[in-house]
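Consider the two complexes below, in which subunit A is the common component and subunit B and subunit C are the respective partners.
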Partner chain A sequence: MSNALKNVKVAPNSATLAEARHRVFDFFKTACRSLPTVMHIYNLDDVTSISELRSTVASEIRKNSHVTNPKVIDMLLFKAFEELKNVVDMAKQRHHIIGQYVVGKQGLVQDRATKDQGISPFLKNFYNSNYS
Partner chain B sequence: MALRAAILRHVRLPLQTAPKLHHNQPHPCLASFRFMSSHDDHITKEQVTDRVLAVIRDYPKVDPSKVTPNVHFEKDLGLDSLDTVEIVMALEEEFKLEIPDKEAVRIDSCNLAIEYISNHPMAS
Partner chain C sequence: MTMMNNRKRPKELSDKCHVILDRVLSTTCFILIYELAIFFFRRHALISNQIIHPSVPISCYTYYSMASSSVSATFLGFAPSLTLSSKSAHQVSSRFGAVSVGWSRRSFPSLRSSRFRIYAAQPETVDKVCEIVRKQLALPPESQLTPETTFTALGADSLDTVEIVMGLEEEFGISVEEQSSENITCIKEAADLIEKLLQNKPPSS
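And now, the complex of A and B:
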């Protein structure tokens, strides 16, 4: 794997906010480039797609976009790289990935497997409410 | 590859000067001499444009009706820099490329993306 050298990226302190921002974009690109591997090893093809995972990673980064202290950004990047390494090394399991990164704000896994495309709208809305 | 090497080792052609040709219209019997070459097999600019526009339209934060080949990601579509990086990564995935950082920073708008990808020899 060409992106397997994540343990090399230990954080020296960023001098300026611009340098920290640059490292955030580098992290995002590394994460995006390892997404095909993640999809393959956890068999996520019927649950999500690479573009959805990419959007999830971007929204996690955006949650911390208000931070201005470069040292805090370094700490967040350190945790982010650690998380990415755990995911790529398969130290996590499929249900962790689905629960943390796929089942998003809507609270339910969207049905994407071919076997579920024929089911009725009643069943699809069953978890939402009895009366829709 | 082994078949090609085997053929090249064993087939002998008589020595003769090749006739002058206009390079856009290969002589019909000489075209087969390079049937294993991928020299002319580049993706066309219309295909690049269509696929780039499709990728940008599929991006959830983008309004598909505003996407034109000249659109600027931050000024016209109202995206921020993280969204721009995400679109560039989506294009990398679509065309199976790996764009180095110095070039990726420059890609700010749709026509720059189309131009970069059309000029890249490995775009597929």
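And now, the complex of A and C:
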């Protein structure tokens, strides 16, 4: 794998918060660079796009942005690398990826494919309301 | 008859001389051109680091043969006028001077164009960068983005900056290394870095 995910060893604990921050950005860059592979192996082209996945990863990172202890950050990074490795090695399946990372706030998959263009607008608005 | 013979023989002799001169001159010119071709071919091979046959070094043989053939060509070219020494020296120096000017002229144009390309970031690149920044930070479309606006002024934290750089990587197909991604603070720097990386990248199939 070009991102060398297999060679990731557990680094010794970061000494300072700045070093932990640097490692978080490195993880984010590695994740973003492996996104095209993920899109390809799980056939996610009709469900989402690379920018959406990238913003999902960024929001997951932002959920833990209040942490200040470098050791806790290291632990979170360890879990994040493990999750990324599982995703890239295809140890997960498509419905895992869709359920965990693609489904938006409405709880539904937003359609991006062109397969829906033939359907009537009644069916498209069916989930929203019955009386549109 | 003897008078006519007397007039005829110098003519014959001069004709023969002229014929011989023509032949020798043409062959010498041919040799000169051949030597020049060999010289430039070897020089081109040396410059582009190709393998040339090491048996004949470029310096001694070709220079000597070139010099001798050029000298002999000028000798014979000016034989009818019979003023040899100073003019041949001038001719040799001017011929070599023309050759050296030809070499230096070859290296200039690429230097000038590459220097111009580095300093200017193209406007469509800047526009694409602005588009990506706007979409990433969810800015309203009427907000103005000059090339000098920093990302933090637009409300982006460090993770947003990294995400913008990643978006640019995906959009342009480049790969930004560590140390250069730390310094990107405004749109102009991002556009310049993209331009530089697009130049240095080998053409992808």
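Here is the rule we use: the second predicted complex is superposed on the first by the 126 of 132 C-alpha atoms of A that agree within 3 Å, B and C clash if a C-alpha of one lies under 4 Å from a C-alpha of the other, contacts with A are read in each partner's own complex, and residues count from 1 in each chain.
The rule is simple: a residue touches a chain if its C-beta (ideal position, glycine included) is under 8 Å from a C-beta of that chain, and two chains touch if they have at least 3 such contacts.
Predicted model, so just to flag it, every value in this text is computed and none were measured.
K.L.:
Based on the superposition on subunit A, does the combination of subunit B and subunit C result in a clash or a fit?
P.N.:
clash
K.L.:
Now for A:K29: first (subunit B), second (subunit C), both, or neither, which partner does it touch?
P.N.:
both
K.L.:
Contacts for A:S55 in the overlay, against subunit B (first) and subunit C (second): which applies, first, second, both or neither?
P.N.:
Both partners.
K.L.:
Where along subunit C is the clash with subunit B: 23-31, 77-85 or 167-175?
P.N.:
167-175
K.L.:
List the residues of subunit A that touch subunit B in one complex and subunit C in the other.
P.N.:
The overlap between the subunit B and subunit C interfaces on subunit A comprises residues 25, 28-29, 32-33, 36, 50-51, 54-55, 58, 61-62, 65.
K.L.:
Along subunit B, where are the residues that touch subunit A in the complex?
P.N.:
Answer in residue numbers: 58-60, 81-83, 85-86, 89-90, 92-93, 98, 101, 104.
K.L.:
Which positions of subunit A touch subunit B when the two form their complex?
P.N.:
25-26, 28-29, 32-33, 36, 50-51, 54-55, 58, 61-62, 65
K.L.:
Which positions of subunit A touch subunit C when the two form their complex?
P.N.:
21, 25, 28-29, 32-33, 36, 50-51, 54-55, 58, 61-62, 65
K.L.:
Sort out for me which residues of subunit C touch subunit A in the complex.
P.N.:
Spelled out, the residues of subunit C in touch with subunit A are 135, 158-160, 162-163, 166-167, 169-170, 175.
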